[in-house]
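Structure provided below as structure tokens; questions to follow.
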Amino acid sequence: MKNIVKKAVVAIAAVGMLALPGLQAAMADTIKIGAILAVTGPSFLGVPEANTLKMLTDELNARGGLNGNKVELIIKDSGGVPEKAISFAKQLIEEEKVFAIIGPSTSGATMKIKNIAEQSETLLLSCAAAEVIVNPVAKWVFKTPQMDSDAVRKIYMEMNKMNISKIAVVVGNTGFGQAGKGQLLEIAPEYGIDVVISEVYDKAATDLSAVVAKLMANKDIQAVVNWSIVPAQSIIIKNIRQAGWDVPIFQSHGFGNIKFVQAAGDAAEGVIFPAGRLLVADVLPEDNPQKEVLVKYKNDYESKFKEDASTFGGHAYDAFKILCRAIEQVGVDKHKVREAIENMKGFVGTGGVFNFTPENHNGLGLDAFEMMTVKDGKFTLYQK
Amino acid sequence: MEFIKRYLPIAGLLGIVIGVQLLTSATDTAYYLTQLTMAAYYSLLIIGLCVLMGYAGQISLGHAGFFAIGGYLSAALTSNDFSAYRETAVMRFMDTAGLLLHRQSLYGEPLLNIQPWPACIIAVVVAIIIAFLLGIPVLKLKGHYLAMATLGFGIIIFRVALAAEFFGEADGISEVPPFQLFPGVSVTGDFSDRVQNYYIAWGLLLLGLVLLLNLIHSRVGRALRSIHGSEEASEAIGVNTARYKLYTFVISAAFAAIAGSFLTHYNGGIGPSEAGVMKSVRYVAIVAVGGMANLWGVLIMGILLNFMSLRGMFGTYDDAVFGVILILIMLFAPQGILSLRIRNIFRTKRNDT
Amino acid sequence: MLKIRNLDSGYGKLRVLKNISLHVDGGEIVAMIGANGAGKTTLLHTITGLVKPTEGQVEFHGRDCRRLPAQKIVASGCSLVPEGRQVFATLSVEENLILGGYVLQRQKGKGAILKELNHQYELFPVLRERRSQLAGTLSGGEQQMLAMGRALMSRPRLVMMDEPSTGLAPLIVRDIFRVIVRLREEGNTVLLVEQNARAALAIADRGYVLETGKIILQGPAEDLLANRDVQRAYLGREKIE
Amino acid sequence: MELSLFLQYLFAGITYGIIYAIVAIGFNIIYNTTGIINFAQGEFLMLGGMISISLLHFMPLPAAITVAVVITMLVGALIEIVFIRWIENPSVLRMIVITIGISIIIREAALHIWGESVRALPYFIGSAVTSVSILGTKISPQVLIVIGVCSVVVVFLSFFFKFTSIGREMRACAANRRAATLCGINVKNMVTFSFMLSAGIGALAGAVMSPITYSQYDNGTGLAIKGFTVAIMGGLGNSPGAVAAGLMLGIIEAFSISVLPLAFQDAVAIAILLIILFIRPHGLFGSSEAARLKEF
Amino acid sequence: MLELSAVHKYFGGLHAVNNVGFKVAPGTIKAVIGPNGAGKTTLFNLIAGGLEPSSGTITFKGRPIQGLKPHRVASLGMARTFQNIKLFHGMTALENVMLGCHIRSRSGFLAGMFNLPRTWKEEKDIRARSMALLELLDIAGYADVEATSLAFGQQRAVEMARALAMEPDLLLLDEPAAGLNIYETAEIARLIERTREMGITVLLVEHDMSLVMDISDEIVVLSFGEKIAEDVPDEIQRNPDVIKIYLGEDEEAAV
């Protein structure tokens, strides 16, 4: 029994030693920016986000930092798990005393720490897509990805042009898919569109030909909308084409990763989807305001990490840049920075041109999206 | 004598718990209490699982399922808006019984929820009923079959959490209100209530520990150990092995559900990952590391590993760390990591004398 | 042929055999008798390497086989017919026999196997009749014969048999004991472990009596049969006749 | 239901089913010689896919797959030698935990080697949109290749176990380990070999199905759970049973989609498993007698 | 006390117990003998509840018990020991005996968890009773030793003590002398007789002829699942059928 007590004392002593670095860190004189990203785990959008943030921080510090202050980036891997996001958020806020938090990558995790950010008055710039993050508006919470609802509108507008009115909706069972499904169903009546069937597939699905068969069986369907950020979105379009079904396929902005196109091979040809302009940076007309930003980010990222830049990294880019710009404007005061972001207008990011207001903590509108398609295995602008 | 032997370490632990709080508050590092609080709740589940695995000898690869039942039901009942059912008989009855909570969301919309107390009780009772109904057929199985059946149960709970709108699908449930235990004492993640919540969590854990220590040292605990030894012989001395296994399963499920319910209120939300297979595996890993039939060892490892994991000390290797721990322990110290040290200590001592 | 000196063996902490010494010479039948739990099976398992001894020496043909794994000991010509037959229930009779010749096949090739197979069929004609039947469907006596045939397939220098009479009708026991006698006539060496002390000692040349892990008596079979202690404990003769 | 639709479901079901069956057979091979359920079985499929994709940069497809299978077999052997071989009389619980740990480690290692991105082998014939028409139903030729290769594997295995001497020796180890030792067979080597065999089969299946299902560091786990379900349904250790159960489960899953929302597909499979465990724990096609003999 | 009538048990095609019937009178010692594989252990398991007979009835103290779970049979007042001693690993000798008191005590899960005074007291009683039993069997000195590390004979004694702690009306002994030397066997014989003096009926399966002949009031002889004789020891020894099946036709075998 004595052993147990002894062991417990040792354990506590160990915990005590862990406390020391925390103390030291709190005394350093830098601007600390925390990031909670799903680097591992089932939704791994965090990799390009983490890469982008590291790249930007290095770049910034090389240039002498923000208003002369060095920027320290602290990335925590949440594995996409909410309880860790909560723990990390509290850790970043209290121990690291970070100035702002970028992330989390997923809507579920963002929603879990929204209240923590509000309570502690810490800026939270989420890289997750769901509408609920900024609607209703929370004072300290912003997000950089475009609105799902705008993507849906873009798709429906295109459908109206194509005279499509009966559609099937399939989504992956991640937060992104669920949110998209909600928006697709909610907005459909506005555009006179009828969702005939909606299905949810598992994010780890390996073959979806059965569900394709189910959709095909319904002869009314004029188009299929797939909303997902997981590999299965390539599987479903492949299965549709293999079944010899020549239906127009729409995808969400979650398709904006060339890996999904490569995975789908020929089946990806002709898929229509809304996305930020990052994917088509090279072919944008020179007069597009985003052109310069996009090309630079894309080249920087691709030369540094030897992989294609994705829109997810772009969301982190925007969050970081918005934060920096606000700090440059008003200095290191979180209340002022918050206000500065809330009133920021015409900020050119990878996701679009941001115009924040106290009511709109996203700052992007319909024009943030372009309709795109896949041609010869590459993204291009969609032209009817 | 017996009495002192059993409760002295608990008093010691209580002293340490208080000591840690005083120390962290004095050194302005009270933020450690956040993860210690969360780790305490996970450990509550883990000591329950320890009695099931180590003493009754039944593996469960689905305990995250019970945790999720507790957490999700508490969250859904206290956070989902039941305004639409305001006029139904059940709701009216609950309203007059004072079980409903009228409140406003952060954004000023009216919400009708069930009070956390009844919600918690419902959650735990549901977990107990499910454990009971599941346990009757499942505990007849052995070895791989039992592992697979409990794993399957976990997967079904995970799927339900992921597919049901009531449980928030992939995003889970957020903005779960505080759980007021008594006036002035609530389970909540608010920064200002941290010390209080630290004591709630550890108080609950210590209570759970005392109950389980009592149990394993009682007639029932003896019978459970006999089941682990030989079911045949244990039947022959009149132990109703089926019932004992079932009750232990139910108790461990109840511990898991209580932990789930409290932690969800503390975190202010829950997501489907809490029901995931990796979580169940992690709990089994910690029980294995602690030494299966060693409540104290399991408790210490539960606190330590959860604390480290929650502080992100394993970085992107979180799952890998648990995998490696699992294998190393099972290969080299199947009696648990503490057994290694104890044995070595004894060995050197014996050599000295 | 087989020499055991001061052998201690057991499972984990449990010491089953204590200071056992015995020997088996070529061409003889040695009977090992003793009550349930006396350690007879443990002794055989220790000789075959299934259980590792904690002390003492096991020498087979002048070669120390204490450290050898079981399959190597078998390959060196020491075969065991295990208690309870242990045939490969889901395999056919012939497959069982072929597997018994595994060692032979490795050493001498396939031809030797066929020859040996015929020899076993001669010894146990019933097995030829049932060659393609699954071993699990045989009767107890047939399984015992199959187990013996399988052990003999490798042309062992020493055959050890663990309770071959267990659960068999007297008529069949008689058949099996006749085969054992015939094996000796063909020049084989047999170590026979039996509870049926009378039957075993009746055909053996020498015998050992094992009690609670120790050898308490040894000598020519006739002497043991006549020993009053043996009669009292294992033959029940004192009271019955 | 029209014929073409029916066939569409049926082919989908057979594709799932045959893949599940292959995983289940992998489980069975190891289970038979050791009594262990190798929870890392799914990882062999993942490795087969991922390694052959990586090798494709250096060599033609058939060579890449062959080398990937060989490498995975070596991994299988290594796992057995390092983690399994020297443990004496392990409890079932301990082996479950160890193999789960192995599975986690392989998966995490794959994550750190290949990253999280999704890869795929190219279609063996044609491209992602190539399809052949059977009775009015269009399916990808790759599906036929998967079904073909898996069927060949199943047939090959049954020949292997029936007619080769090493197959016979493995069956002997499965039937009675102690008696096999007493015949002079090195049971430990047979166990190593069974790990290699089941790793090799898994890797081959993983490579062949990669164009359809893609390969990713964590796609072994889901397959392992389904494969295990099928192994139990078919009766642990019973490979013909596994094929029958695999096809049955695959087809049930495929047709369940026509009536139930897709989200419940997995729940259906698991529910079937639980029901089978409760009423016939020895599996649909296993005999209770055999199950009793294999008591843990 | 115990009555079997027309009990059959099949395993697949094997007819392990064939139409066996006998009675055990209160306060007597009855032995079942027969060669290995005669169905003795099966018969034991049928009585103790591990197996359900294919047909036939088994009554204990006037009530049918066939098909009952072993723990139910045990709680009706039937205790048993095992051929290959089943003591509980990792528990002391005392704890093993205390487990025997299980059916004579009542505290359940909740009482145990909250450690009610009643439980506390019950626990004390159990401990005292178990110590007394260990003393009775002269093994009180090993009370705190892990039971499975004791010598074989002591383990047998602990197992007996555990069975006696159940305060049974009928005690089933499965080869109590297996693995014991002559002195230990004599000790066991003395113990069994004392058990009877305590008013406990005994049914035993045994190989050791001398033990069986010494202590039994009546003997049942089984062969291939069938009862071939039932009588007092002296008669059994004279019974030609018994001599034939039990001892084998050794003269012929010697040929």
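Here the chain labels run A, B, C, D and E in written order, and each chain numbers its own residues starting at 1.
Definition applied: a residue touches a chain if its C-beta (ideal position, glycine included) is under 8 Å from a C-beta of that chain, and two chains touch if they have at least 3 such contacts.
What you see is a predicted model, and the numbers here were worked out from it, not measured in a lab.
Colleague: How many steps does it take, at the fewest, to get from subunit A to subunit E if each step moves to a chain that touches the one before?
Modeller: Counted as steps through touching chains, the separation is 2.
Colleague: From subunit A, how many touching-chain steps at minimum until you land on subunit D?
Modeller: Contact-graph shortest path, subunit A to subunit D, evaluates to 1.
Colleague: Mind listing the chains that sit against subunit B and also against subunit E?
Modeller: Intersection of subunit B and subunit E contact lists gives nothing.
Colleague: Quick check: more C-beta contact pairs in C-D or A-B?
Modeller: Looking at C-D and A-B side by side, A-B shows more C-beta contacts.
Colleague: Among the chains, which is located farthest from subunit D on the basis of C-alpha centroids?
Modeller: E
Colleague: Just how far, in Å, is the C-alpha centre of subunit E from the one of subunit C?
Modeller: Taking the mean C-alpha position of each chain, the two centres sit 31 Å apart.
Colleague: Would you mind pulling out the distance in Å between where the CA atoms of subunit B average out and where those of subunit D do?
Modeller: Computed value for the inter-centroid distance: 34 Å.
Colleague: List the centre-to-centre spacing of subunit D and subunit E in whole Å, with centres computed as mean CA coordinates.
Modeller: The mean C-alpha positions of subunit D and subunit E differ by 48 Å.
Colleague: Residues of subunit B touching 2+ other chains?
Modeller: Within subunit B, residues 162-163, 319 contact more than one other chain.
Colleague: Out of subunit E, which residues touch more than one other chain, so two or more?
Modeller: There are none in subunit E.
Colleague: Quick one: which residues in subunit D touch 2 or more of the other chains?
Modeller: 221, 261, 263, 266
Colleague: Using the contact rule from the top, write out all pairs of chains that touch.
Modeller: A-B, A-D, B-D, B-E, C-D, C-E
Colleague: Please give the residue numbers of subunit D that touch subunit A in the complex, ascending.
Modeller: Going by the criterion above, the answer is residues 1-2, 5, 8-9, 11-13, 15-16, 19, 111, 115-120, 122-123, 127-131, 133, 137-140, 143, 209, 212-214, 216, 218-219, 221-223, 253-255, 257-258, 261-263, 265-266.
Colleague: Which subunit B residues qualify as touching subunit E in the complex?
Modeller: For this pair, the touching residues of subunit B are 211-212, 214-215, 218-223, 225-226, 229-230, 232-242, 247, 251, 293.
Colleague: Flag every residue of subunit A that touches subunit B in the complex, lowest number first.
Modeller: 1, 3-5, 7-9, 11-12, 14-16, 18-19, 22-23, 39-40, 76-77, 79-84, 86-88, 90-91, 94-95, 106-109, 111-112, 114-116, 118-120, 130, 136-138, 173-179, 200
Colleague: Of all residues in subunit B, which touch subunit D in the complex?
Modeller: Its residues touching subunit D are 53, 57, 59, 137-138, 140-145, 147-149, 151-153, 155-156, 159-160, 162-163, 277, 281, 284-285, 288, 317, 319-320, 322-327, 330-331, 334.
Colleague: Spell out the part of subunit C that touches subunit E in their complex, as residue ranges.
Modeller: 13-14, 35-38, 140, 163, 165-170, 173-174, 177-178, 195-196, 198-199, 202-203, 211-212, 232-233, 235-236, 238-240
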